[in-house]
Structures are given as C-alpha cells and as structure tokens.
Amino acid sequence: MDALAPHHDPTVPVQLGTTIMAVSYAGGVVMAADSRTSTGVYVANRVSNKITRVAPHIYCCRSGSAADTQAISDYVRRYVHELSLELNREVNVSVAASLFRELCYRNKDRLTAGIICAGWDAQHGGQVYTITLGGSKLQQPFSIGGSGSAYIYGFCDAAYRPDMTRAECIDFCVKAVSLAMSRDGSSGGVIRLVCVDRDGVERQLVAGDAVPRAWQG
Amino acid sequence: MAGVGSGYDLSTTTFSPEGRVFQLEYANKAVELSGTVVGVVCRDAVVLAVENVLPHRFVVSGTLRRVHTVDRHVAIAVGGMGPDGRHLVARARSEAENYRAVYGEAIPARVLADRVAGYAHLYSLYWHVRPFGCTAVIGAWDAVVGAVLYAVEPDGSVYKYRAYAHGKGRTAVRTELDKVRWAERERAEAMREVAGVVERSRDVVKDKPYELEMVVVGERGVERIDRFTAAESGGERSGGGDD
Amino acid sequence: MHTTEPIVTGASVLGIQCVDGVVLGCDTLASYGSLARFQRVRRIVQPGADWVLGGGGEYSDLQEVARLLETMVTREYCQEDGVVRAPRAVHRYLARVMYQRRSRLDPLFNSLVLAGRGRFLGVVDMYGTAFESHVVATGFGSLLALPLLRKAWRPDMRMEEGAACVEHCLRVLFYRDCRALSSVQLARVPAEGAIEVSEPYELGELQWHVAQTVA
C-alpha cells in the first residue's frame, strides 16, 4: 500500500525525474529529452514533452517539478514575446536565459526547477545556458540535466567534441539519453529531439522500441 | 486673455480650435531659444555637441553639463532647459539599468528612445504637470545596428536621425549639416567639423560666451571630448578650472 | 526567505599582499553537492578598474553580488566626475550588504575576497564579518592554506613570489580538498597599473611520486 500511496496523495508533486540535454555546434543547437513523468513510482505520462518552446528559435528542457517548470516557461514565453514585439525582432537566447534565471533566483525557496535554455540567434549563433536549482545562469558548450544525467557524465565527457556536425550532435544526444534511460528508473519512454539553426526548428522522435540498447546486465 | 493663445494656452489639456496645444509649442520655443544642440551619426560613432552658453562671466566653465552619460553605450545631449533635461536623463538611466537587470544585456537604443518619449509624452496629458522644455538627443552604440541617433521632442514624439540640430543656431547648422555625408566620415573628422559648424552658426558680436560640450559614443562607450575649449574653437573665453 | 542551503558552490579563495601589489587565486569549479558539475567557471570578477572580487559559496548569490557591483560601477561611470569608490569603500559596501541580508534572515551564502589597487586585501563573509589582512583564505583554505600563506609571507615579498605561493596553496587544496580542482584562475592586482585576471589554466608541478613509496 505504501508503494502506491504517492499516487493517491495530492501532496506528492508530479516530478520530471528526467534526462535532458542540449548541445551546441557551429550553426545551431540540438536538444534531447526522455518522455517519462512520474508521481512517486507511477508513470503519470509515458510520452510527455519536456522540451518546450519559448520563442520560435529558443527552447527549454525542463527538469524538476512539472508544475513549476511549466509555469516558469509560460512566464518566460510571455515576457520574451512581449520583448520581441518591443524590439521588433527576435530576442537573443541569453535574454531568455536571463529571464529564466531571474524567475528561478528570485523564487528559489519556492521552486524546484532545473532548466536548460538553448537556441539560435543571429548575433551569437547556437547557445546553451544552464539554469541551476539555485538560480545561477551558466553558459556551456553542452549541458545535461535531470536525475538521469548523473549516470552519463562519464560518457558525455568522453564522447563530446566541440567540432561536431548537426548529425553528430543528434547521434551524441540519442546515445547519451538512451544510456541514461537504461539506468535511471525515473527516465524512460521515447527520446524527443529538437534541432534549432538558422533555417528554423526540426522536431524528431525516437520511438521507445527504436531507442538504442547498450550492454545490459 | 487677448494674448497669443487666446485662452487656449494655459494648459496642455485643451486644444485650440485650430487643433494646437500651445503649451507644447511654448516648450519647443524654450528649445529654440537656447544654445544649439547637434548630433550626427558618422561611420564609427555618434557625435553629440552642445553650444553651452555661459549664463554669466563669473561662472566656472565645465560646471553645468548638458550632455549626460546614461549607460555604458548611451549619452543624451539636452537642448533647451537643462534642469528639465536632467530629470529626463534620470528616467533614461533607470530605464537602462532596469533593462540590464532583467534581460542581462544593454538596452537597445530604439527601446530607450521609445521609453523616454513615452515618459515625456505623459507630461503633455495632465493639467497638473508642465511639459519638458527640452529635447533629448540620444546618441548610442547599438550592439546590432552600430551608431544610432534619436531625438525626443517636448510633445513626446521621437524620430531616428542621420543628423539633428535644434536651438538658436538650428537654421544655419541644419544647412551646413545637409552638405556633408556624415555616414562616410570618421569620428575625428566629424568631431572637428561639428565643432566648426557650431562655431560658425554664432554671432560673434551679439552672442554670449559659450563652451562647446562634446561627447562621442562609439564601440568603446561614451567619451567626453575636452579638447575643444571655447578658446580653441574661436570663442572669447578660455576654459577655467574644473573644480 | 531565500538561500537556506547552498546548492551550486565554489570552494576556497586565497589572497596575499606583496610589496608591489596583491595576488588573488581560486579554482574554477562550481560543485553540485559532490558532483564536479561546472569545471570552467569564473569565480574572480572585475567589474571596476581598481579592484577584483573572488568568491566562494552559492554560485547564484555570487552572480547576484557581481551584478550589484556592476550596477554600482555603471552608476559611477554615468556620473562622469572621475570619482570612483576606492577598494576599501567597496569592501565596506559589501560588508554592509552582507550584514543587512543576514539581518533579514536572508543571507547571501558567500565568502568574498576583495583585492584592490594600493595593496588592498580584505574578506567579507556571509554574516557581514569583514576585515583586512596581509594573507587571506576562505572556505577549506582557511584551514589548509592559511597556515602555509602565513609561513611563506614576508614583508618584502614580490608579486611573482606571491603568485607562486598562492599556486602552491591551490595545489595543496587540490590534493586535500574534495571540492577543489586543478584548473585555477589567478588575479594580479599591482599597487599601480592595470589589473591582470588570468584565463583558467591547469596547475603544473603536481607531485604524485610519493605514491611509489607506498607498498
């Protein structure tokens, strides 16, 4: 009964026990995420979408509380849209990341949100920003996050190259996320990918039965 | 009430039957009567200059400023009433600081110009306030578009300019500005020419002594040019102490 | 209330006063618990021309402090009167900020070291405790590095020696502090002249031959 309790208990938040990542390359970014959303040990949604649009060329990968990160990205989407109207052009990726930072930092005691904000802009090309739990904003060439990321730091550090092409980045993401999904009980389902570059956005999906499988044992 | 505005000039809240708001025209008059203010966009910078007329010969030069730094990449030259300009500049500074705090990057010049204009416009709407008796000439270095120049008028209108002049010498200065392709000029050239244009617009016999205040805004930020003292550019007075 | 426990954290910051200036040093790690999460992070910032700030503790709070100081410096820039706050004034300002925040039960979780022109070296902690000293170390460094710095310090020490001494301490911290890294950053703040903040670089001269003596 105890194992089922969280499912019935409204005080247990819906968590994105998650694997998310974003990789920048010359000309754009690739983002990837698993699709499992859980309450306790129950899979509340096995095909959820953790990569959320903030602007036409800016996306964020969400981890932590589903409610918190949805609310935050809704706010940022609105602020970014308002600013783009005022500027009469698309806003820079770092501006969206700063808004995430502002919200996460000012409300750090009330939020559980780990966000990777990534995208492409004409001024600085493909960029990846990590917004940590405490509300710091850090730019990185690539970033991994969520509970599953703990299992793939070694793989990512070894496999990452700064000179990858878009196709290589996609391959890198699929490998990394699939490895995390195979070891992290809170990650699973399908792999969703979002690629952003000068020409726009492309979404891809790796179905659950097409996710690459490594050594198991 | 048989004056210029026939009773329609006491407040900004009432139009005249011809559709004019006299208080705004009087505010503009304050700008027309004061020292000339000039701005030009050259290739690598914006040059702002003000003919800063000294109110009295006892005044120590360099004490009253008409060109103010607003942020690392923005300066505002004030034509008209200096104190009114100072208030507008204070507003511009807080807009710039606020933008940086929220968005983590420098405020784009057009956004700043629009916000300053919006603020100035508020003072043309209510009976209990008086419009600004000044124009704010905004020179900025924009990360995307480079050197840009905007001017906000007392009525709250704002335009982007290649070159701008207002104040006492505006007619002569505008004629001279029209002869030069400023976008092709380097900053050093532009600075010299602007100084000359302002000096030539003056009536050597009638006009009071002045000092030329000049600020250049480029990629490196805001730079104040101290080289052109009134004496150098042909005025009657030389620069005094700076205390 | 704000930070009740630090999440992403930086470790020690070291500083030493020399006859010709001050040297500041720290590693470039921001840890997430025991995970070495961000390994090329700048913990030394230079908002003004006359001083640098090195910080440990919660990284988001350090970014907040840096923003605060940048705003302060931008205001000075706009004033255009050539008056800027001296390092000692900035140090005191930081102490007031930190003390006010702790009094609101909303502290900034940082240990800060300020080094400035005119051989200034001072610390401020998360409670607003502030003092100046000729050698300074925060975090684990106050246990491991401070005795070493005190022993090495001489009144006629020059900045090259000071830098070598700080590097030595960072090496010791790398050996003995689980939250330290071998990638470091050094700031040289001469009494006169331009401040130099290095890019992150790897510590050299690491000694592991001692391992061979163990059976």
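Note that the chains take the letters A, B and C in the order they are written out, and that residue 1 is the start of every chain.
As a working rule, a contact is a pair of C-beta atoms (placed from the backbone, for glycine too) under 8 Å apart; a residue touches a chain by one contact, two chains touch by 3 or more.
Not measured: the values here are computed from a predicted model.
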If you average the CA coordinates per chain, which chain's centre is most distant from that of chain A? B
Pair joined by more contacting C-beta pairs (B-C or A-C): A-C
Could you put a whole-Å number on the gap between the CA centroids of chain A and chain B? 48
Cα centre of chain B to Cα centre of chain C, whole Å, reads 44
Note: chain C sits from chain A at a C-alpha centroid distance in Å of 33
Residues in chain A with touches to at least two other chains are numbered 101, 137
Under the definition above, what is the set of chain C residues touching chain B in their complex? 67, 71, 74-75, 77-80
Which residues of chain A touch chain B in the complex? 83, 86-89, 91-92, 94-95, 97-99, 101-102, 123, 137
Which residues of chain B touch chain C in their complex? 65, 68-72, 93, 97, 100-101, 221-222, 224
Footprint of chain C on chain A - complex, ascending: 101, 105, 108-109, 130, 132-138, 140, 150, 153
In the complex, go through chain B and note every residue touching chain A. 102-105, 108, 110-111, 114, 143-144
